[in-house]
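All chains are identified by letter, namely A, B, C and D, in their written order; residue positions are counted from 1 within each chain.
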Amino acid sequence: MPSAPADYQLICRIQHDDFSLEQEYQALLRPDCGAVVLFSGLVREQFQAEPADSLQALELEHYPGMTERAITAIAEQAATRFNVRTITVIHRVGLLSTGAQIVLVGVASAHRADAFSACELIMDFLKNQVPIWKKAHFHSQAQWVDAKATDQAAAARWVQENTL
Amino acid sequence: MPSAPADYQLICRIQHDDFSLEQEYQALLRPDCGAVVLFSGLVREQFQAEPADSLQALELEHYPGMTERAITAIAEQAATRFNVRTITVIHRVGLLSTGAQIVLVGVASAHRADAFSACELIMDFLKNQVPIWKKAHFHSQAQWVDAKATDQAAAARWVQENTL
Amino acid sequence: MSVHAESKAVAAPIQTKILFFAALREAVSSSEMLLPQLAPMQLSSLLTLLASQSTHIAAALTDREVLTAVNQQLVNQQAWVQPGDEVALFPPVTGG
Amino acid sequence: MSVHAESKAVAAPIQTKILFFAALREAVSSSEMLLPQLAPMQLSSLLTLLASQSTHIAAALTDREVLTAVNQQLVNQQAWVQPGDEVALFPPVTGG
């Protein structure tokens, strides 16, 4: 089984504090990298009709230790399958208001196709294989977010491609 | 033929000056967007063996007027095919040294899959359908960069998917 | 006699830590339990043992889909748990 | 006579602008040429006309793959060019 290249570098942080996309972008850059793909996930507005309510915040809980291990394993899989040099994954936990940044995934590579594929693979697996849970706080009530079938399908497609 | 949604917004600029990824990211954000994908293309180090030489800079020439039209058409195609809210395309021209930023494509959408697809589609078409040319300046000589077959294949795959 | 005492000491149950997260943590009203475990057992048996502790826990485990990790690795219920392992039970993840 | 003079004025050739970019611009040693054009013609004919202007241009056009745009839209050589259109000739693009 192939392993991630020795010169591949991962930055992985789980934190409550906000992050600076620009700083993380600068930290990803390498002279031999012509392509950087960044994904930023944010708490978006959400409305519900009955009863009329809107999202105030997401509360994110995680499993300390396993979260970092799972992200490291996913990043290593991405670096093994695609020709990438640096990967950054930052995931915030705790209470995050609407508009807040939740997650950043950044990948730098020589050419763009590798960075796009690696970044999307990491996001798809992050949704499925990392022990993080969201609770949606509306004004009148709070509820745990259900896992989505579309997210399972998104992760499954990388497994299928791998076996081809 | 479907058209881009009325509330979709495009920022398109061709300029010599550098850009701030952070500023462009902030300008893309909308309260109903939970996902932002950014692609940054940079002048990467390049070495040649015979004679031993390294890249100093890329010189980018374009066709003023047509460049903006072509990018607008590509962005509109992306906004028609994928559910996205804001798109930014900034392409630098002129002489750009190794390490310099060349191009930024940013897309904001409610969910991540649309932002990833739209951003990658725009980059693939940018490589094939926008009148911009690169000349590679090495220390001892300069040469126009040849179009790559892999870039043609990357753009072609969107056309195939479209007809399915 | 002293030999017997020693072998009894070796066979003393070790505490296996069970962690609960998110909706499951709320359902069992606890983020952590210690379960005395004498010998290796399959996770499915450990879950049966856990459910036998209270109807409250039994209901929490059957009311929803439960994912399982042993020593911070996702595993299925055929996996073996050694005494002292860290077991975690949680609903499908929704990060990212 | 005045009628004849008028119809001659109407038929006077209009300048069609031909733009060259990148390697092709360097090969023809010019970024822009004006070609007098009387009537609509297909781009392939206009390129033949252009090549007939000098062996230098003829060589530049045949030495490489040439992409064509009329009024800033990529077209193939079957496209029609109206007198006064903006025609652009250039090598395969390498932006992004």
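Methods note: a contact is a pair of C-beta atoms (placed from the backbone, for glycine too) under 8 Å apart; a residue touches a chain by one contact, two chains touch by 3 or more.
As the structure is a prediction and not an experimental result, all values here were calculated from the model.
Listed by label, the chains touching chain A and chain D alike are B. The distance from the centre of chain A to the centre of chain B, each centre being the mean of the chain's C-alpha atoms, comes to 23 Å. With centres set at the average Cα position, the gap from chain C to chain D is 78 Å. Computed from the mean C-alpha positions, the centre of chain A lies at a distance of 29 Å from the centre of chain C. The geometric centre of chain B is 51 Å away from that of chain C, both derived from CA atoms. Those residues of chain C in touch with two or more other chains are numbered 96.
Residue positions 41, 112, 123 of chain B are each in touch with at least two other chains. Under the contact rule stated at the top, the pairs of chains that touch are A-B, A-C, B-D.
Across the complex, chain B is touched by residues 19, 21-23, 25, 69, 72-74, 88, 90-96 of chain D.
Contact residues of chain A toward chain C in the complex are 41, 60-63, 65-66, 69-70, 91, 102-103, 123, 126-135, 144-148, 151.
Residues 20-22, 25, 29, 31-45, 98-99, 110, 112-113, 115-116, 119-120, 123, 150, 154 of chain A are the ones touching chain B in the complex.
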